[in-house]
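Shared between the two complexes below is chain A, which has chain B as its partner in the first and chain C in the second.
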Partner chain A sequence: MANMVRRHTTSARLWRAGLYTLLIVAALVYLLPLVVMLLTSLKPLDDIRAGGLLSLPSTISFEAWSKAWGSACTGMRCNGMSGYFLNSIAIVVPAVAISSLVGALNGYVLTKWRFRGANLCFALLLFGCFVPFQVVLMPMARTLGWLGLASSTSGLVLVHVVYGIAFTTLFFRNYYVSIPDEMIAAAKLDGAGFWRIFWRILLPVSGPIITVTVIWQFTQIWNDFLFGVSFAGFDSQPVTVALNNMVNTSTGVKEYNVDMAAAMIAALPTLVVYVLAGKYFVRGLTAGSVKG
Partner chain B sequence: MSALNVRHVNKTFGSTQVLKDISLAIDSGEFLILVGPSGCGKSTLMNTIAGLEPVTSGEIRIGDEDVTWHTPSERDIAMVFQSYALYPSMNVRQNISFGLEMRKMPKAQREEAVSRVAELLQITPLLDRKPSQLSGGQRQRVAMGRALAREPQIYLFDEPLSNLDAKLRVEMRTEIKKLHQRLGTTIVYVTHDQIEAMTLADRIAVMRDGEILQLGTPHEVYNDPVDMFVAGFMGSPSMNFLPVTLVSQASGYALQVHDEEQGGTALTLPWPAERDTQELSARVGDRLVLGLRPEHFLEDDAIQETSGEGTRLEVTATVVEPTGADTLLQAWLGGNEVTARLGPKSRVVAGDRVALRTDLSRAVLFDEKTQRRLA
Partner chain C sequence: MPSNVSAPASGERRHRRSLAGHIERVLPRLVVAPSLGVALFFVYGYMLWTFLLSLTNSRMLPQYDFVGFAQYARLFANERWHVAATNLVVFGGLFIVSCLVIGLLLAIFLDQRIRQEGALRTIYLYPMALSLIVTGVVWRWLLNPGLGIQAMVRGWGFEDFTFNWLVDSDMAIYTLVIAAVWQASGFVMALFLAGLRSIDDSLFQAAALDGASLPRIYTRIVLPSLRPVVFSSVMILAHIAIKSFDLVMALTGGGPGYATDLPATFMYAHTFTRGQIGLGSASAIMMLCGVLAILVPYLYSELRGQRHG
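Coming up: the complex of A and B.
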């Protein structure tokens, strides 16, 4: 509200100055860890031993970054984060795609092809949003074993899809209830069936909620550690697990700059997604019905 | 053969019965209007005809085919909704041709149909716009275009004009009437608007609580209502209802209008001899309800040439509402407030004593308890 009429008394100005100071300080406090990480990752090891956390690096070096990416030791192996980064992508992309699509279909059926017990079904699905990760670990491990998917990328994708459907369904259902039923009725009279209505009528107006769901799922799955550490095989560990292994590797000198660079690499995709699409995330969350 | 035949249709939602034994038949090319208070089941009836809601019992036939259990797309029906229900992601052209595409019409033919309809409805310049870039009236046209392009056997309109402003509504009403006359389409049309109902319909079905109370031409429904509900529902301002007692006089029957405030009789109106019925003789002395439409009153000096006809009565005007085309007068008549429609030249102001005339040649009589029509 840039065009607001404000009071112009001295005390009002002082108030405002105080308010802005407080907000700026708060913002800096929240940004500080990131700054420290970035600074540390760019310093040579000597600088780190000598100086304080916030001191500027004497020379800026990207060595730590390239080591973290290509040659740092994670447990036994010493070829950096790159492989695990690709593992994470191989998990996240199909898991996000499948869980979002299934969520959209569920939302569509729960709102536009209502059946007896649809509400109960939705309530049970909602319940899934509140089941803590830890609870499903054991049963999930058994299930993956039975399915022959233990310690595989597909297994992890399945876990994330199953766990994510509760959320994606919630998102899509709440979006689709605001889409007028008459639109669907019109399409039925026009001769479109279940799938045509979904692809041709509903999905094209689902942009905002697809954005929300994809960002949400991407962040959740990319940042997941527990499922990764529990169910991933040696070759399919995601980047979060690799980061943990690297930081905990006890042999040799503690290379804080490499650790920080690795942490930044692990966090980068979610950061990028938020910076690029955060606007749409907020917009999608508040998007109401579709104007016919 | 009727184009659409609804036979003994019942519909219940849970424990509430929304449609009660509805039967109606519509001839090909006929324009049927459904009217009734909100919640009486008009949209539900439309939805069952369209196949969007299954019936609980009964039968629906289109042409000579039983379509009771056909899906909406298997019935040759198009529907225009109150909210227009256009597809927001498609432009006008795609909106209109979607139904044709679903029915596997070849592309060239589709384009031909779109331009034919666009020309008919004068929306050709809008064909490449999205629905969100259209005004309410334009959206309404597109919604009609979508229905017209398919050339279905039956059109259903569910309050298609109620989201438009008054002026546009009148324009579109005329256009719909023209379209119907030109194309000879079979239409079932729901409206709340009295004038829409009277002007558009070949026949009107008046519904209440899931039942059809009366099904007839606009003239029949207006002038020969079957009960007080239909009489009061049709017409605006609505019919005046006066409590009366039927008496037998030397010159025939007469109606004594009760004076609700002071008791006794405010006025005695002679019942026209030509409208005597067998039934009336049994009701002498009973309390009945007399229905008089506002236009059944005339200002006394406005009918010089026919003066002497009807009964003269004097009232005090309480509210005078000039509408331009005529003047509506409200006045007390024996403790009942009545509305009279006077000519535009009337110079009556509130508080005046006004001399009116009325004759009962077009009045209607109802039973007070059952509210059914007596005469």
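Coming up: the complex of A and C.
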């Protein structure tokens, strides 16, 4: 017996050492691209040409960052990423707010005010999560043209709201299902109506799911490229489209440090949200998948 | 006769209440109606619209003289579409399998009472927060033969080291797999970890008491109970693979030539830059069929499972 326990502990110790080594090596591999991106963005061009992805910069310079922000060329224009960054904010804020609110109301109705056909209604909405957006690109381009919203920020807000509702409804519905119906029934007996119950009973307990939904929608819309490149005009391009244009601009000397600084600028908002509220981000990602 | 006197008043009240009740009854439907309308038009209507376009000879602009399924015939005779469809099978297959294997291993390793588990989990998962454009830009820099990983390893003294997949039209498709797996495998890890945590500990203990070894416990008890997670992971990953567009645009631009075209980039190029709206729409409908081919069996099994459970 003692023999068995000792063998168990030595092999266990080896196993744990191997385990930690493996996990740490994996972590380094996952971190490598971010580290390289950051290092490259802080290096002068001469350092980069000298080679060594992981070599430390000879002098730390934020020149590439300021150029990427203010004066780097994206296609024909040379105003940096700043304008496009603001475009993304102008698209993300209303689109997230509207789609989350609509999703909350839909989730409320589909769980607490169920009518005949509510399930079918939910199923019809849910398919929006799965449709490949390539199927809607051309008709959407035509519709935006007719509405006078082609190449505008408002047009992109509309597109993101329309295709975000499926996800926000799913999130809120799955959350509100778990809130006991007795609470609603009691409030109804007390004479509370549709809106009052929503404001007084459901919204106060919706904190976590609002966070999950807002983070999910923010990440999705900020990171969108397909809608941006298909529907935006020169003045309404989001930051992802501008980044892609900048990297593919082939005039003059290729400034890798500026490219990497621009990529960091485009990535920072979602990275910051992820670091601050990662728990909710994971919950949003797994909400639609583990539960179905 | 007090009841007689109060009758009109109570009747009026009842009437008012029933009006309020009526509004109350339709209000929920009114609230959901706009969303349903939006879905019917912007999802189902558009699917039909694109299908109609795929039956026309539209080029630069949509027009509606129908040519039957001629565009589908053109599509299947199109060399570039064959490359794109084959690429999707290769890319999708490798991407899904690699993500599942890496995600599962990381989740099992992380589930061994690891110190700093939270920090490690954060590191594995952070790529999922990035835009695929950022991922593409970074990996393009890493895989650039002149200054990237190849140059770095050569700089360490391995002069013959070659890693130039990005510019090799036979290998470029695998660079997409590398970048996509880097981005999504942490997500699969999170799904598996959540699945592992929901398995009852007593199952483990019972098996360990019976003298089962750790690998045996995992293959015989844990893996079978993770089946639903595998299922939904495959569903999500396949969906990501079919929709992959951003990554190709940023990492390879579809090149060298059109060696790394995927259906999503094929559709975009033909619809918006090559003035072949009819052909592009036909490719979009094929993508929809691909999604449905995965989704329908999945939903079917989900619903059947619910009915049984």
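Methods note: the second predicted complex is superposed on the first by the 271 of 292 C-alpha atoms of A that agree within 3 Å, B and C clash if a C-alpha of one lies under 4 Å from a C-alpha of the other, contacts with A are read in each partner's own complex, and residues count from 1 in each chain.
Assume a contact is a pair of C-beta atoms (placed from the backbone, for glycine too) under 8 Å apart; a residue touches a chain by one contact, two chains touch by 3 or more.
Worth saying up front: this structure is predicted, and the values here are computed from it rather than measured.
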{"item": "Fit-or-clash call for chain B and chain C when the two complexes are aligned on chain A", "value": "fit"}
{"item": "Contacts of A:Trp146 with chain B and chain C, given as first, second, both or neither", "value": "neither"}
{"item": "Which superposed partner A:Gln134 touches (first chain B, second chain C, both, neither)", "value": "second"}
{"item": "Touched partner set for A:Phe281, first chain B, second chain C, both or neither", "value": "second"}
{"item": "Touched partner set for A:Val109, first chain B, second chain C, both or neither", "value": "second"}
{"item": "Partner chain in contact with A:Phe234 - chain B first, chain C second, else both or neither", "value": "neither"}
{"item": "If touched residues of chain A are counted for chain B and for chain C, the larger one", "value": "C"}
{"item": "Partner chain(s) touched by A:Gly193 [first = chain B, second = chain C, both, neither]", "value": "both"}
{"item": "Once both complexes are placed on the shared chain, angle at chain A toward chain B and chain C, C-alpha, multiple of 10 degrees", "value": "80"}
{"item": "Least C-alpha distance (whole Å) that remains between chain C and chain B when both complexes are overlaid", "value": "5"}
{"item": "Chain B and chain C footprints on chain A, overlapping residues", "value": "193, 290, 292"}
{"item": "Residues on chain A engaged by chain B in the complex (per definition of touch)", "value": "180, 182-183, 185-193, 196, 200-201, 204-205, 290-292"}
{"item": "Of chain B, residues touching chain A in the complex", "value": "47, 50-52, 71-73, 77-79, 81-90, 98-99, 102-103, 131-132, 139, 146, 150"}
{"item": "Complex contact set, residues of chain C against chain A", "value": "24, 27-29, 31-32, 34-36, 38-40, 42-47, 49-50, 53, 62, 106, 109-110, 112, 114, 120, 122-142, 147-149, 151-152, 155, 182, 186-187, 190-191, 194-195, 229, 232-233, 235-236, 239, 242-243, 245-246, 249-250, 253, 263-264, 267-268, 271-272, 277, 280-281, 283-285, 287-288, 290-291, 295, 302"}
{"item": "Chain C partner contacts - residues on chain A that touch it in the complex", "value": "16, 19-20, 22-23, 26-27, 29-34, 36-37, 40, 48-49, 51-54, 102, 105-106, 108-110, 113, 115, 121, 124-125, 127-128, 130-140, 142, 162-163, 165-166, 169, 193-194, 219, 222-226, 229-230, 240, 243-244, 247-248, 256, 259-260, 263, 266-267, 270-271, 273-275, 278, 281-282, 285-286, 289-290, 292"}
